[in-house]
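Same chain, two partners: chain A is paired with chain B first, then with chain C.
Take a look at the complex of A and B:
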């Protein structure tokens, strides 16, 4: 089982959305991290065959992305996915099951079990337009799993889910990643931190880092600092450095700062997290 | 194959689930029904006074025409008509209001309207007084005069000598003498079919505009195109749905117009020459054949319109834009008249979907000519429509298959 991307590029006029991306993905959960406009969605669309790369190739076990056999093993939850407002939940699932080539009876059984999985079994007769945002997102997740895909692409899957649903969803993804390739993109760093075996950091259409959480965090080792400063000095420090966190401690303020050098004499080096890494690479976007 | 039919059933559900589609279909049915019965509503007034209702007039004229049905249209019948029209006093301002017309001449009014088509000249209008004074010698020459008119019209047409010769052959094949028959059922059906056909094409443009464009604007395209059958069976299912729905709607509208026309006006006249309705009609066809040919032209014109709509839908991002473009393409040619010079432009213009439904264009005296082969419009139109469908569908197929999700 291998999803292979070979120098995949997407160019819109002068803008390069994805720049010669090469990846080999085997079973497991891959978290795609990047700021808005980094090229995450473009990359996912190309992997799903709904956008043609300007150059490069995408294959799964030698099957080209353009082939029906490739789509047969693909599950996709797009960002802001569309639906048919007047369709009932059950009908929507049955329609997509037919599109994915599932015969009627297995499709019925699979629909029932997936709706149970995403806690929508009681809503199966409701029209989609009457569902809440979180329910629609869960329906999107359920449809992506209809054909028991070998490649599961999830673009911002936790958007609109409440914390309880997010935890449930994370656990589900962890289980699914055992015997398939799961690629998910998100802005919520903690989602990726908990479940992704491998993290892909994307910026300006390129993969900056690829590796396990610990491996990529190592790149900012010694650049995260914590210091306790009076309120008057805190503001000055905020303008000079990227401040990740700021909390009051009596009269003083405790700051968590990203800096290549020690920001203050009393600052102490802290253990970096994935969020620190995210902010380190995307400080400009974060400030915007 | 099972999946294909499942996908077709879902496509039908998507189309028929829309309120706009339900309203458009009901409105088409209502207008189609009304356009036949509408002519019977209202009354005929003479000098401000109610004379008779249109429904009564239709029944009366039908009874008179049926009395003459089966008779040969010859000098004897023409002179009988002349005798009846002679009784109308010259002083009458409106001859229909005279007792003499109602009593003697009205029963021959169908014969008079035929005679008028043949005897009318650009300089002398053949009115009721001229009918009353018809010379027996001219009555005897009815078919010769008609043939002269036909020859003159064909000779003046901007077509090749070869085409003129073929048209003359067609005209010569018209069986003479004609047997008169009441034929309002068929003639009304043919008149109404042009309107009903345009309405069917219009409603199909509304129904099919979102077929592909709706998926783009709903953002369901991502789910569809990434699914196993999204770039193959689904597109075929969409085309099947589009064409089958067009076929069903057009057939239903045609059937409704036919049955309603026949039940209202009568089934008579199907085997009579079209010439008993349109004396200068060039082709040797019966009314039943002409009605069938027109229905076929309407059917294929609607199919062509649907193919165009599906093509636009696959290439445009909004269903609204597709509707605007399709409706413009359908309706604008109905309000435009094109000169026969240059001939190519004239002939191509008549191959627009709305023009393919018009009696005058379907049975035009100007045929098509390809590599020396002369093709009557009623053959050329459905064949062209079919070819256009065959050409457009692969482009529409590719339009959806290669659609790029960018927004």
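Take a look at the complex of A and C:
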């Protein structure tokens, strides 16, 4: 089981959305992290065959992304998916099951079990337009699993889910990643931190880092500092450095700062987290 | 008697010992071949998802044409021809559904992808419209002052013109508005027929026959080109960028 991307590039006019990306993915959960406009959605769309790369190739066990056999093992949750307005939950699942090549009886069974899995079994007769945002997102997750895919691509899957649903969803993804390739993109760093075995950091259409959480965090070792300063100095420090966290401690303020050099004499080096890494690479976007 | 005792034994055993939980059931089930929907099965499932109102409206147009032939004293051909763009309009709304309701991305990523869905719809509506048009041409030709081929020419041309224009519009206008543009195009062709037909006999004058033939041929070619381009756009993901 191997998903292979070979120098995949996507160009829109003068803008390069994805720049010669090469990856080899085996079973497991891969988290794609990046700011808005980094090229995450474009990359995911190309992996799903929804968008044609300008150059490069994408294959799964030698099957080209354009082939029906590739789509047969693919499950995809787009960032913003639509639905026909007259569809009920059950109709939506049955319609997509037919497109995924499932005959009626297995489709009914699969729909029932997946709706149970995402706690929507009681809503199966409801019109989709009456569902809440979180429910729609859970429905999107259920449809992606209809054909028991070997490649599961989830674009912002936890958007709109409440904390309880997110935890449930994270556990589900972890289980699914045992025997398939799961690629998920999100802005919620903690989601990736908890479940992704491998993290891909994307910026300006390129993969900056790829590796386990500990491996990629190592790149900012010695660049995270904590210091305790009076309120008057805190303002100045905020303008000079990227401040990740700021909390009051009596008269003073404790700051968590990203800096290549020691920001103040009394600053102490802190253990970096994935969120620190994210802000280190995307500080301009974060400031915007 | 012997069999009864066996049955009792098995019953007693099931009461005395709980059956062990299945081991690796899921893994075993995964090795079983999953039945797959073949292309013919897929085509028939697509029939189920065509909106009822599409069928109802198509039948309504057919009945209206029958009514014209039955009750109109003259101008049966142009009156019927003025109605036919609306038959085409109903069909083309089915081709715009995926873009209109933002289903393009999901449908493209499925085994039977968007281009195959569109092909199934082309086949369904091509057949249905062909049958409806066949019935209408058959009825109109009984009352028409023209011979059969001319009747066919006068009735088919507005249909192919509307279909070609609508397919062109679907790929070039914002997804929420494309239906309105298609409706406008249909209404324009319909009203043009109505006005030209009612204003005098010159509309169907034999001198204009080459013009009609050219229009028919050009619109059929344009329709085929638009159909091919729509399928190609669906394959390449260009329909994604219609906002």
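Methods note: the second predicted complex is superposed on the first by the 288 of 288 C-alpha atoms of A that agree within 3 Å, B and C clash if a C-alpha of one lies under 4 Å from a C-alpha of the other, contacts with A are read in each partner's own complex, and residues count from 1 in each chain.
Note that a residue touches a chain if its C-beta (ideal position, glycine included) is under 8 Å from a C-beta of that chain, and two chains touch if they have at least 3 such contacts.
These numbers were taken from a predicted model, which means no experiment stands behind them.
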item	value
Fit-or-clash call for chain B and chain C when the two complexes are aligned on chain A	clash
Which of chain B and chain C A:268 touches, first, second, both or neither	neither
Touching partner for A:49 - first (chain B), second (chain C), both, neither	both
Touching partner for A:106 - first (chain B), second (chain C), both, neither	second
First, second, both or neither for A:246, with chain B first and chain C second	neither
Interface residues of chain A shared between complexes with chain B and chain C	45, 48-52, 68, 71-72, 74, 76, 78, 80-84, 86, 95-96, 98-101, 103-104, 143, 147
Complex interface listing, chain A residues touching chain C	45, 48-52, 68, 71-72, 74, 76, 78, 80-86, 95-96, 98-104, 106, 143, 147-148
Chain C residues within the chain A interface of the complex	30, 34-37, 41-42, 45-46, 49, 51, 97, 101-103, 105-113, 117, 236-237, 240
For the chain A and chain B complex, residues of the former touching the latter	12, 45, 48-52, 68, 71-72, 74, 76, 78, 80-84, 86-87, 91, 95-96, 98-101, 103-104, 143, 147
Interface residues, chain B side, partner chain A - complex	2-3, 6-7, 10, 13-14, 17-18, 215, 218-232, 234, 402, 404-406
